[in-house]
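Structures for review follow.
The following pair of complexes shares a single chain, chain A, combined with chain B in the former and chain C in the latter.
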Partner chain A sequence: MDQYEIRELCEQFFDAYENRRVDLLDRIYSDDCIIWHNVFGRETTRDENLAALPDSYKGQRRRTYDDRIVNTFHDGFVIQYSLDGVQNTGHRGSLWICIVARCRDGKITRIDEYMDSSKFAAWAGREGTR
Partner chain B sequence: MGRPGGDSVRKEWQTLELCDRFFDSIERNDYETLESCYAPEAVIWHSHDCLYQSRADNLAMLKAGMETLPKVRFKDRRIRVFEGGFVQQHTIYVTRANGFVGQMDVCFVGYVRDGMISRAYEYFDTGRITKFLG
Partner chain C sequence: MTRTDTAHRRLCHELFDAIERGDIEAVDRCYAPDMTLWFNVTGEEMTREESLKALAAGRDLHRRRTYDDRTISTFDDGFVVQYTVDVVAHSGAHTSLSACLVAEVHDGKISKLFEYLDSGKFAGR
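Showing the complex of A and B:
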């Protein structure tokens, strides 16, 4: 994959996430795709990730993946972005996230996600309720 | 004529070398080398406060760490170079004075100008801070 194809794949991935298109994400993940989350310190499979998505969308009426800064390298990309969410309560919050992805044959084969879980409560409007 | 891609290969190698020099200097308590890795205008952003820290403040923080922490190691370094910078994923292990070894998974995105880091972004999870601080 050249850098343009990798960049395009990155945009497709985040657009699909934003538009809750689990069917497209299913096509973007390779069969052996692994997703690692720093906040859990463990890897999940593509199937575990896809299965968890519908429930993860329920809390928010809208999520946008904004301020995307994408840089590509020979086998993947790094993206820095803000995840801006509007909760069902109307509360608005942002998370600042960095993802490093590996790509092969037009698909994403691995994702390493870095975010700060101490900001989750503020993002969801649950501050002071924990 | 030079070999196709020669310039980009050399630049990529130089960026990799800068990345290694930067993290190695922290491990070795080599403040002079560390300081030389930052461009004069360097700023460092951290995900815990989403603020840019000045070069002077960041260097002072790192220097204090060099003077007080028995050992700092960056392990499992995975580096990728892109046009204008690099990303390194690593686990930092910090040995504290009481012997506790803290650890944290970190993603460091560095933007490079003229062979120096001019801007950096550091992402980590403060929700797991007790594993780091003890």
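Showing the complex of A and C:
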């Protein structure tokens, strides 16, 4: 994959997340795709990730992946972005996240996600602050 | 592997090796004069001077701190490094933290750093 194909795949991935298109994410993940989160310190399979997605959208009116800064390298990309959410309560929150992804044959084969769990409550409006 | 790739990798290792040794002058040599560091925990940007001061202040907080399992990926004007900070406290307790650093590089110096980690893992350190 060249850098343009990798960049396009990155944008498709985040657009699919934003639009809650689990069917598109299914096509973007390779069969052996692994997702690792720094907060949990463990890997999940593609199927575990896809199965958890519908529940992860609950309580949210809108979720957008903004301010995407993408850099590509020979077998993947790093993206820095803001996850902006509007809860059903109207509460707005923002999380700063970085993902490093590996790509092969037009698919994402691995995702490593880095974020700060201390911001979760404020993001969801559970602290009454932003 | 290109010359840029090799140079960025070398710079990344020089930075982490210098931080590990507590060699603030060597860290400074990796930085451009107008370098800034953004930290996801505070959401704020530090200047080069503030960053160097913070490193100096944090040098003796632990008995040993190493930056291990460095996975480096380079691009034209920078690199991303995924790593584990392994800490031995003065009490002898060991802790470990996974983090990620994105760097912009110009003329062989780091001009911007973005650091991402989970501050929820600081508890009990």
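We take it that the second predicted complex is superposed on the first by the 127 of 130 C-alpha atoms of A that agree within 3 Å, B and C clash if a C-alpha of one lies under 4 Å from a C-alpha of the other, contacts with A are read in each partner's own complex, and residues count from 1 in each chain.
To be clear about the criterion, contacts are C-beta pairs under 8 Å (C-beta built on N, C-alpha and C of every residue); 3 or more make two chains touch, one makes a residue touch a chain.
Values in this document were obtained by computation on a predicted structure and should not be read as measured data.
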* To do: Kindly say whether there is room for both chain B and chain C on chain A in the superposition, answering fit or clash.
  => clash
* To do: Check the residue A:S118 against both partner chains and state whether it touches chain B (first), chain C (second), both, or neither.
  => both
* To do: Considering only touches as defined above, state whether A:V39 meets chain B (first), chain C (second), both or neither.
  => both
* In the overlay, answer first, second, both or neither for which of chain B and chain C A:F73 touches. => both
* Would you sort A:W96 into first (chain B), second (chain C), both or neither based on which partner it touches? => both
* Looking at chain A, which of its residues have contacts with both chain B and chain C? -> 38-39, 41, 71-73, 76, 78, 80, 96-98, 100, 112, 114-118
* Which residues of chain A touch chain B in the complex? -> 38-39, 41, 71-76, 78, 80, 96-98, 100, 112, 114-118, 120
* Structure fact -> chain A residues touching chain C in their complex are 38-39, 41, 71-73, 76, 78, 80, 96-98, 100, 112, 114-118
* **Residue ranges of chain B touching chain A (in the complex, touch as defined)** => 47-48, 50, 78, 80-85, 87, 89, 105-107, 109, 121, 123-129
* Please give the residue numbers of chain C that touch chain A in the complex, ascending. => 40-41, 43, 73-75, 78, 80, 82, 98-100, 102, 114, 116-120
